[in-house]
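Per-chain numbering from 1; labels A, B, C and D assigned in written order.
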Amino acid sequence: MGDKRRLMREAIADLVHDGDSIALGLALESGIPFGAVHEIIRQGRRDLTLIGPISDMAFDQLIGAGSARRVIAAWVGNVAGGSGYGFRRGVEQGIPRALEVEDHSNFTVGLALKAAAMGLPFLPTLTGLGSDIVRDHPRIRPVDDPFGGPPLLAVGALTPDVTIVHAQRADPQGNAHLWGNLGLTVEGAYAAKRTIITCEEIVDEAVIRSDPNRTVIPGFLVDAVVEAPGGALPSSCQGYWRRDFEPFLSYHRQSRTVEGFQAWLQEWVLGVPSLTAALAKLGPDRLSRLRVEERRLAAAANFAP
Amino acid sequence: MGDKRRLMREAIADLVHDGDSIALGLALESGIPFGAVHEIIRQGRRDLTLIGPISDMAFDQLIGAGSARRVIAAWVGNVAGGSGYGFRRGVEQGIPRALEVEDHSNFTVGLALKAAAMGLPFLPTLTGLGSDIVRDHPRIRPVDDPFGGPPLLAVGALTPDVTIVHAQRADPQGNAHLWGNLGLTVEGAYAAKRTIITCEEIVDEAVIRSDPNRTVIPGFLVDAVVEAPGGALPSSCQGYWRRDFEPFLSYHRQSRTVEGFQAWLQEWVLGVPSLTAALAKLGPDRLSRLRVEERRLAAAANFAP
Amino acid sequence: MTVATGTRRELMVVAAGREIRDGEVVFVGMRLPLLGFGLAKATHAPHAVGLFENGVIRDRPAEDFIYTMGDPPNIAGAIACLGLLDVMSLLQQGRVDVGFIGGAEIDPLGNLNTTRAEADGRVVRLPGSGGGQDIASLARRTVLIMEHEPRRFRPHVSYVTSPGHWPGRRRGGPATLITTLGVFDLRGGRFRVESLHPGVGLDEVRAATGFPIEAEASPRTTKPPTPSELAYIRRADPQGFWTGGPS
Amino acid sequence: MTVATGTRRELMVVAAGREIRDGEVVFVGMRLPLLGFGLAKATHAPHAVGLFENGVIRDRPAEDFIYTMGDPPNIAGAIACLGLLDVMSLLQQGRVDVGFIGGAEIDPLGNLNTTRAEADGRVVRLPGSGGGQDIASLARRTVLIMEHEPRRFRPHVSYVTSPGHWPGRRRGGPATLITTLGVFDLRGGRFRVESLHPGVGLDEVRAATGFPIEAEASPRTTKPPTPSELAYIRRADPQGFWTGGPS
């Protein structure tokens, strides 16, 4: 399947274009590919459509940086702090630019991705009946049950141009092992036209093949695999990194004003050349507090034939 | 969630009733719960509806024994030998009794179970357009795409009364670890009103909790867990048992005639009191040839927080 | 209020825990309901199972404090880590007995708004539904958790994010509302005081509620936490991150 | 036929392998196509990926002989073990370039019957579709594998299990038919001889086919296996379990 290893800068430059729709943060609060998010901002992408279930800070940062034109999501904010000020400024005041929102629930945005992942125009559901979200919704319509039951709602397929996933490990062909909570990660990778895997470790294919049930994203669906240890910080990565709680709170405080947001942006994104530099900026003590040293290994599973 | 450990005899007696619809063999050629299948025959269940994708010999045996009234499946036979003579006699001659067949493809029977697993009356699909299988089908009807695309087919939900799964290991609460090919196992367990897990080993809950991603069937969906090592033989169980090829061929030969089938039934099912006795009948040399001694363990996955 | 009877948020945790019956499948959510689930497990509902919308299934609380349901301690020792659609499918099947939801605004029918509010003529964009709409639509019953403030209790919410009682409902609906002032019975589309927290009077509640509510002349007082309940909560939230604040 | 040019089934394996282009995603199936996939991987299509309907994804053949796709050697060393619906979803998405299907009966449009046949007035129940209908409906193109016997080649199959070319088709359809006698081009709903196996004449083929077929006056001969191709096949099927029989 060929060697798909790329540097973060190359992968974002080649696979993420102005105007693209991008699904990321699909595992909800963990495994958010902040390294890729900040590289997208550094490269000055514009007019992006951001797709996800809940977004914990990542969408707020992309919106504040002016990279996004549209959001398709169930919840945008800061899970620890509540409101996302960048999101609010975009919707309420068009700062830094007007922002369209296609509101969803976690289930309906998941079904939209799943429909695309299944190669279907829609999937039916019972959720949302009686809600204002589904009223005049561009992607949700009534559908009859051909077996005579009461009517349902149909959620139309949503095909991201790019899905970005942070995995624990992958081989050079992009076969990726993920564990912990998965959220909509698998559906997002299947649904997308292009998929970028950022991961803690690129490992020998023998590691991946030793446990094919852990390969939730097969490499032939992947366009680039980027070795980016810590690429999900400050969100957590099971078995590798704890959640770094402080940046969520400090970003929440700083981003209350445009000036504060710009200061944050300059200090943590525009002013640092790369993920590596951003992690170095945290300092060794901080990193060692966040790094998981303890080992609680999955029980043995024998695949011998 | 309570201790769900049961003996095979109790689990089948309490949870499988005359007239029930039963899904089994959902992983296709591996992990077929033959131990449970033969106990169902020994207990003389009648009028069963058998549900599965392809069935490698198991349905043929239940049909020949007179336990089944109806089959809902994509393929019934003997993968090594081809035709299933018990299935043919049932359909062609009503021997030992008339047999109804609801024909499916692997995809449509999977979607029928998935619809039930999702709590939906149907799921749409593109498969089967132009096929005679879907013509006048009781569970497949045309459905319009509410977004204006070309019409699709809707596969109606299929809710088994019981799903029987053979797993590698489970804890006393029924939380089950499975690996290898899964086929429709997960969908079948979610879709069913009752689920029986037979497994190679009942393990301490700590083993299961060490790898929550391996728990593809959570215990609160399970009604009974039966420790039944070798309970899938002669089909394989990854990491525990190789496929025992010979019984598939000898059954195929013997079952060509009703007399031959009855001889097989007496020798291997009615004449032996239990799975344990049936395995003992194979003899230690045969069992040691089939048992997987080699270990090829899944690469370490760290779940430490 | 004294430490002996706990803060109002501690009272809310206890009230939330009491809504969970033994053996039930619970769509948990974070903050007070998470503590309530742990409390119920530790006391009267040892066999309850908790689902989280990220795909995590647990039958006991995480061993360390968690800020989000995705935090590593919520994964370690879980029964299962599935996908979001797997747990939503269980919800849609009707296998979830009770789900907890919060909101920024509520109306007498238990409709919740978490999408957009109006404050002094300006529209305020709220984060959105998350899984709220799904739990409200699909759980067998829901328990609502709210700050009890006049601006939040409206005759009609400006936007229905999580539907309450409405004619087309096929299952469930709001059963109980737990606020900073009391516990309310919302079954059948009525809005009745079930109990008021210690020190809270009916007038205070009516003043904080923008629509009429039913109540007996002298409503019961919310049963305060037992010492062991309080001890549990303070072990689970040692900093008072969720249960501190107004006592 | 001599060992140098191989048995007819070995010819069929080679022909099947040649239908796979490098980098393609292949819905494999068992028996001859499985050997053809391994052969293609070992020769001209090193980057092809194979999907099995039980959920297994491989980019190289199993290290030991397998009788079924579920046999443990087909799992060990796989890229991924997913579910049946996962691989069927990839098929429905249009991500599968080529799929192989066999049948008991075929007609000029490439419709296959694997459900029920009539033999001397009696109905014979066949095992059924398995994944055949799905591959026929959803793959970008299909390659059909058949025993070339008069009773199997019918103007109209009595039951369409796996649809061939028909007006409502939205994607794909039969591209090539590989039989015990030759290789046929079915694209566009025509039925043309592409090559005949060594030693097979056009008359023999017409006699074994229950409907008219197009052919050049002197059709090409199927390119026989190279020694290295034969060597591969005989390593992969040492007992001739699938490739033995009529030479």
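Brief remarks on what is shown
FYI, a contact is a pair of C-beta atoms (placed from the backbone, for glycine too) under 8 Å apart; a residue touches a chain by one contact, two chains touch by 3 or more.
Every value quoted in this text rests on a predicted model; they were computed, and no experiment measured them.
Contacts with chain B and chain C are shared by A. Of all the chains, the one whose CA centre sits at the greatest distance from that of chain D is C. Set side by side, A-D and B-D show the greater C-beta contact count at B-D. In terms of their C-alpha centroids, the spacing between chain A and chain D amounts to 41 Å.
Chain D has its Cα centroid 28 Å from the Cα centroid of chain B. Per-chain Cα centroids separate chain A from chain B by 37 Å.
The centroid of the Cα atoms in chain C and the matching centroid in chain D are 58 Å apart.
The set of chain A residues that touch two or more partner chains comprises 119-120, 125-126, 179-180, 182, 208, 213, 238-239, 242, 292, 296, 303-305.
Among all residues of chain C, those that touch two or more other chains are 56, 71-72, 75-76, 81-82, 85, 91-92, 138. The full set of touching chain pairs reads A-B, A-C, A-D, B-C, B-D.
Those residues of chain A whose C-beta lies close enough to touch chain D in the complex are 1-2, 117-120, 173, 175, 190, 208-209, 212-213, 215-216, 218-221, 303-305. Those residues of chain D that touch chain B in the shared complex are 30, 52-56, 67-72, 74-76, 81-85, 88, 91-92, 115, 122-134, 136-138, 159-163, 166, 168-170.
Across the complex, chain A meets chain B through its residues 119-126, 141-147, 149, 152, 154, 156, 168, 177, 179-180, 182, 203, 207-208, 210-211, 213-214, 238-240, 242, 292, 294-305.
Remark: chain A residues 27-31, 53-54, 56, 73-77, 79-80, 82-84, 87-88, 91-92, 101, 103-108, 110-111, 114, 125-133, 150, 179-187, 235-236, 238-239, 242-243, 245, 292, 296 touch chain C in the complex. Chain C makes touch with chain B in their complex at residues 23, 25, 47, 49, 56-57, 59, 62-64, 71-73, 75-82, 85-86, 89-95, 138.
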